[in-house]
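Chain lettering (A, B, C, D and E) follows the sequence in which the chains are written, and residue indices restart at 1 in each chain.
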Amino acid sequence: ATLDEVKERGELNCGVVTGLAGFGAPDANGVWEGFDVSVCRAVAAAVLGDPTAVNFVPTTGQTRFTALASGEIDLLARNTTWTFSRDTDLKFDFAGVNYYDGQGFIVPTELGVSSAKDLDGATVCIQTGTTTELNLADFFRNNNISYEPVPVETNAEAQQQYLAGACDAYTTDASGLAATRATFENPADHVILPEIISKEPLGPLVRHGDNEWGDIVRWTLNALIAAEEYGVTSANVNELAAAPGTNPEVNRLLGTEGELGAMIGLENDWAKNAIAAGGNYGEIFEKNIGENTPIGLARGLNAQWTNGGLIYAPPFR
Amino acid sequence: MSDTHAQTVSYVRETMLPEAEPPVGNRGALLWVRENLFSGWLNILLTLVSLYVIWWALAHTMPWVFRGIWNAGSLSECREIRDATLPEGTSAACWAVLSDRWQQLMFGFYPRELYWRPVLALVIFLAAIAPVLFSHMPRKALWLTAASPFVMFWLLWGGSVWFPVSVALGFALGWAAWRALAPLAGTLIASIVAVALPVVYWLYSAGTLARELDQAMPLSIEYVPSQDFGGFMLSFIIGIAGIILSLPLGILLALGRQSDLFIINKISVGFIEIIRGVPLIVWLFTASLLLNYFLPPGTNFDLMLRVIIMVTLFAAAYIAEVVRGGLAALPKGQYEAADALGLDYWKSMRLIILPQALKISIPGIVNTFIGLFKDTTLVVFIGLLDPIGLSNAIRASTEWNGIYWELFVFIGLLFFICCFSMSRYSLYLEKKLQRGHN
Amino acid sequence: MTTTSDAPKAGFRPSQLIYDTRYRSMTIQVIAFIALMLGLSWLVSNTIANLSALGKDFDFGFLGQRAGYDINQRLIDYDSSSSHGRAALVGILNTLLIAVLGCALATVVGVLAGVLRLSKNWLVANLMAVYVEGFRNIPVLLWILLIFALMTEATPQPRDFREGGDASMILGDSVAITNRGVFIPAPAWGNGSMILLIVLVLSLVAVWGWRRYAHKVQEDTGRILPIGWGTLGLLIVPLAVAFLALSATSGRVTQPIYVTGAAEGTSLADFGAAQQGINACAVPYSTESLNLRRALRAEGLRFNVVDVTSAEEAIAAAEEGRCNILSLPASTEAATVPAGAVALSDTIRRGSPVQFESPVLGGFNFEGGLQLRNSLIALWLALSLYTGAFIAENVRGGILSVSKGQTEAAFALGIKPSRTMRLVILPQALRVIIPPMISQYLNLTKNSSLAIAVGYMDVRSTLGGITINQTGKELEGMLLLGLFYLVTSLIISSAMNLYNSRVKLKER
Amino acid sequence: MQVSDEVAIEISNMNKWYGSFHVLRDIDLTVYQGERIVICGPSGSGKSTLIRCINRLEEHQSGRIVVDGTELSSDLKNIDKIRSEVGMCFQHFNLFPHLTILENCTLAPIWVRKTPKREAEEIAMHFLEKVKIPDQAHKYPGQLSGGQQQRVAIARSLCMKPRIMLFDEPTSALDPEMIKEVLDTMIELAEEGMTMLCVTHEMGFARQVANRVIFMDQGQIVEQNEPEAFFNSPQSDRTKLFLSQILGH
Amino acid sequence: MQVSDEVAIEISNMNKWYGSFHVLRDIDLTVYQGERIVICGPSGSGKSTLIRCINRLEEHQSGRIVVDGTELSSDLKNIDKIRSEVGMCFQHFNLFPHLTILENCTLAPIWVRKTPKREAEEIAMHFLEKVKIPDQAHKYPGQLSGGQQQRVAIARSLCMKPRIMLFDEPTSALDPEMIKEVLDTMIELAEEGMTMLCVTHEMGFARQVANRVIFMDQGQIVEQNEPEAFFNSPQSDRTKLFLSQILGH
């Protein structure tokens, strides 16, 4: 089973993006950082107790699924949309959603476009090998307007094309658009159009068939989410885990009460380790892509359900 | 019979004429300029056009290059410095990205304190090929050459020394089997055993042996996983490993292609043509997408190793053609003389034919290596972080998002320096061979 | 052949399998064959096991499924509802397109650079050396990226062509160079284009005849006729005359535009203003279609084109209400004009046999005309320049391989330099140049698979990229892809072998 | 073997430099119609250069060269005229390897003299018979021996019906057996009265056919004389030294 | 120069074809130990092929060849045995250019006979002295003249201590001065009683050392006889014709 392999190896092989600001990129020291990368670190911490015991495998849009299917990586934590066919036909299991996204468009303000429906005849940059390509085709087809796709290989390339005016609009997940816009020389010259033309629930995924491993990833993610809900942060997690507190759910989560860890084949402090690795969901969000970072994303759909968002962890019991 | 003409005078020169200066306009710099730049209207036109092209290219690039900013932490900082120090609208390169990230471009994510290891490995490599390239080196040095792949492997990846040792043992085993069996059972059986035995050993006992040895006498340096490899180091490793590993295979293929044994010949031809007929990038995708399908369920190894395997197969096909050229260039008499002395096929190949054929082939092999080295940039498409891949990663970081030319100029320059010097070397070799020096 | 083989005296002994030259080779081959088969079956059985473990099957059915993605660069009709198979075909055609274009340009560049590198002009020779070494020693992928980026950065965007922008179209406002590509006039074939074609074929025949005649005259009388000028004249003059004649006779006829749902006597502008959406019926690539679009664009109207196959269908479509504006060939009888349609006061001129539709700046981009996309141009330039550097070296080597003595001998015989080149140098140099040149063509074709770097949709990007990614059929996709490249290169290399065996110099 | 009074080649005061190297110094030489001149001298003395200046394969920098009444200048027409009147045979034959023997011989007549092909072939066959290899006409140069190739080269020049023939060491790249074949052909030619300038070290040939032997050294004509006188009583020391070397060898 | 009764080579009824071209026809030949046989005949008559069949550089298709009691068949062991007993010298020497003279000579003893290196070198030096070039031992073949190279080739064969030596036109690629060196070496060898088969047109050599001269034409042995008889009173017309050509030349 994957869990045993990971334990034996002492390292988690985690597939990540080759480079997407805020979501996953190596820094000057070669240390991987980002929103998706934090999921890898949390899982490694939960399973191995060490958030640095991760082997990051950069994957491209084209190679990611094969890497996972062939067992080269144990977990793919890279902005990947949960779709029916990927879940069933490609034989993967999505462990949940760590970011609710949707495909949007960015255009120069100068064009005076206020709606994606005005883009008739426009030239649109897209990254190949992603669902955005299919959504885009469907969107324009449904609205009976024409466009010219300009396929590009990477986000960096797309950005360069867009800035040079080789395409009128750039479409990708709205989070990516925001992240990209943030790095522009003059962000104010570009608007993100209001239309979100697709649902893009992004989440980590594992191979179909190894349910134990799937559970671990799923519940690690849920633990991060639940931690935010219950106010467990990287700052206070050690303190809370030292002794049982008043909230039984927190106690179960942090392993001071009950045997949840054993049920998924891990140590009892698994969730504590996961949270300690990079903080709870909210902390991860704020640190990597939140409003105080250059990316500057608002929580929006990704707020806790208690705040009117969609982020919702099932109960820990 | 000489009905010599009356006017024919016999003539003897009394004093020899001294050497005279050529007429003005036929000497010195003036002559050079006239002959090389302005001889005829077409040439004048060409000269003017060329001068314009050169001026235009330099005028557009040089200010950008030389006004470049070397000290900044991010692109926006660069832009600030530029706006502050230079008049508005001038462009300036932001070389700061290189001073910030050059280690990554060279070594990928290899731990900084261990940079000496790849550097040492390169030195060992250069030392190891010296006896191959320069024939006057002592023959004993070839032992170093034989050992160097294992040493380099160990230096680069680290880990227990016993792993490369136990792999090397396999070769020793094959050789020993051959030596033992050849006189007893004939070369055919001996060679089959010599091939089969190491394979069985590697499959079933090499790993265990290495582990046992490691437990008995742990001797290891820090292990660095393949994921940390990147940049030019990655290009070099893939290129060099490809050439070294493909050489034996390429020689076998070349021999196979020369053979009159129908099936062997056709297998070799088929292999060579199939490999050469399909672009490397397709083979790389095969390595990353398909190789796992072809191996027993559950096997799974490094993407880098898979790439090296594919590159090796790819290079082998090209090397085979180069070596075949070398074999074909040998006169038939060499084969016959070897036969007449009673040398068998393998001995005559090893002692007579291959030493000569390979020597002729070295320029071709160097050229193949240059091609391979350049082609290593294609691994970016399967997610390995070669220099181009790293430039993508660097551009994805928040500091350097949006930078472009500086990285590519740097990468291009480095490639140019490496490839150009190698191609000069192979040219020199070719010239030397043409002079037929022994 | 009759051979009475010396029969083995002691019958067959197993040791003969190893020691007898006759059997030994058999033994080796059988062993090799068995090893090969074992290896193959090992691979196949692994694959089968792996596929079944993943729950996948080996099946080419995906080629018939809906592709779902769009391809901008296509030589045949394709949209997102076409099948994966058709997407693959589009990719194959794109690969072949870039290969053919690339080989042609690489040859031109290579020959030019190779010849210039031998130039007596020091500056030119060294400039070419810099070009050759620069391109040969830097990976082609880097060149593709650099040239693509250069083109994106250095050329204006369509927006700059608007009022107040700093870019303008060239060549009489017919060509626009933008960072999305170069827009050039597209030819539209009108009435009489058939005649032009016939004239062209006839002039080709005439050129052939002229060359034969010139050859014969030279053989018989020794007179040398101007073959080059004759060829040029024969190609150009009849075509030009036919073109002018056709334009003069049929180009004058005007024809009305019919619209439905408008009052008699409205102008096109008024009609457009009144109408919600304009749907124009036209036969694709016809003069009528071109003229109609031109007229509508001239008024600045936005419209959809409804493709029909004939004038009859256009009328039927108008009656069904699928379109509300149409232009019919002048030969259409007035009686058949759709019920309720009126002729607009604007009438349009029927065009000459070939007309060019110039690109005009539309809402976001240039519209009409032919777009040579930047990705295509960048890939084309990069591959050609890269391969050209190698070809230049071949050409230089080829010319140098013809010894100076050959030129001198020809000169000493009084043959003029230009004829020396054609009669003596080139025939010899070509033998040396062409074989390596063909393998460079092969390399270029294979390198075109780097199209992925600039988003040019070649076969690797469609079949070997998006299709594989969407369907998860790596094995099948890669197999087809490999097969395509293999067949292409086998064809090219067999052409080379054919050439080699044809031109081999006769030796003692 | 008649020598007329008509001047075939007149070279006066001619100088040539390669860069700053003075390779031909003040050459004065008059060749009459029907003369057969042998030029000899040590290697590097400028023999080939002199010969090659006569049909402008090399350009001279000062002095005059008049061939058959036409002065060699940079005027292209004159050059063409002179080249089609002067045939030349090279040390390494320089046959065109991609053309058959017959095509080699007819190429220049067809393209320079504008002779009809059939006629050119007849002429070519005539001269091929003269050099005794008519049966090789449809082979390629690569299929012939060196001696045969040199004879083809001579036939090729003759097909242009030149008034003057230049030979630059025509036998020095040949095996001994083949030298004779070629010399025989040249002797035959000489006997027909062709004006010939021949750089060669075949002293037998010089004695047999030459009217005059010219000895060159350091770019100058050092001595010239009738063959008998030249070989038997050389005047200059250099000539003596040279002859002693060449005959002693 | 003793000839024993022992048979060294026995060829009976041997035939060989190249494709459908019948190159050797019904060859019958017995060579006794210590005999020195010279084979001559016009070009293409199959002399080389015959020689090469004896050590199986070419395969014969019918008939028997027995060398030193071992029949040549497709059995590898026999072939190896015979090759190490039969030395061969080629027209173009075929020395190994990447090895020194000494290495050329010790190669086969070391790798075929498994002689220790030192011993092999001693043997090699012995034979190099015999062919009179011990001082060249550490040079490379490319640095030697043709005659010296051919003598090295002979020494190389001798180092395998062969009982029979085959020579295929050993002097025909040499300049006249060098031919003598090589022939002297061969004569010396003959005087020591080596069994020799030699394809050559050096009639002087044949007269001096051969026991028997064999004349071949069109793949057949046309005539054989002692040298004196062969040269002075040839029987067959072909032989006469051939001899008249070769001696008249």
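Just so it is clear, a residue touches a chain if its C-beta (ideal position, glycine included) is under 8 Å from a C-beta of that chain, and two chains touch if they have at least 3 such contacts.
The model shown is predicted, which means the values in this text are computed figures rather than measured ones.
**Q** Kindly list the shared contact partners of chain B and chain E, in label order.
**A** Both-contact set = C.
**Q** Just to be sure I understand the contacts, which chains border both chain B and chain A?
**A** Both chain A and chain B are touched by C, going by the contact rule given at the top.
**Q** Just how much do you need to spin chain D so its Cα atoms sit on those of chain E, in degrees to the nearest 5?
**A** Angle of rotation between the two copies: 160 degrees.
**Q** Which one chain sits nearest the middle, judging by mean Cα positions?
**A** That would be B.
**Q** Which chain pair is joined by more contacting C-beta pairs, C-D or C-E?
**A** Looking at C-E and C-D side by side, C-D shows more C-beta contacts.
**Q** As a test of understanding: of all chains, whose mean C-alpha position lies farthest from that of chain E?
**A** A
**Q** Which whole number of Å gives the spacing of the CA centres of chain B and chain C?
**A** Taking the mean C-alpha position of each chain, the two centres sit 34 Å apart.
**Q** How many angstrom between the C-alpha centroids of chain E and chain D?
**A** 47
**Q** Averaging over Cα atoms per chain, report the distance between chain A and chain D in Å.
**A** Each chain reduced to its C-alpha mean, chain A and chain D end up 88 Å apart.
**Q** How far is the middle of chain A from the middle of chain C, if each middle is the mean of its Cα atoms, in Å?
**A** Centre-to-centre distance between chain A and chain C: 42 Å.
**Q** So which stretches of chain B touch two or more other chains?
**A** If we look for residues of chain B contacting two or more partner chains, we find 285, 289, 292-293, 381, 404.
**Q** Among the residues of chain C, pick out those that touch two or more other chains and give their numbers.
**A** 18-19, 24, 149, 452, 468, 474, in rising order.
**Q** Write out all the pairs of touching chains, ordered by chain label.
**A** Chain-chain contacts present: A-B, A-C, B-C, B-D, B-E, C-D, C-E.
**Q** If we count contacts the way the header does, which residues on chain A are in touch with chain B in the complex?
**A** 18-22, 25-30, 55-60, 62-63, 66-67, 70-72, 154-156, 159-160, 163, 180, 182-185, 294-295
**Q** Enumerate the contact residues on chain C facing chain D in the complex.
**A** 218-224, 403, 405-406, 408-416, 419, 423-424, 427-428, 431, 505-508
**Q** Using the touch rule from the top, collect the residues of chain C that touch chain B in their complex.
**A** Chain C reaches chain B through residues 18-19, 24-25, 27-29, 31-33, 36, 43, 46-47, 49-51, 53, 116, 119-124, 127, 133-134, 136-142, 145-146, 149, 446-447, 449-450, 452, 460, 464, 468, 474-475, 478, 481-482, 485-486, 488-490, 493.
**Q** What residues on chain E touch chain B, complex-wise?
**A** Contact set of chain E toward chain B: 55, 57, 80, 83-84, 86-88, 90, 92, 94-98, 107-108, 111-112, 140-143, 156-157, 160.
**Q** So in the complex, the part of chain E that touches chain C is made up of which residues?
**A** Going by the criterion above, the answer is residues 17, 19-20, 61-64, 73-77, 79.
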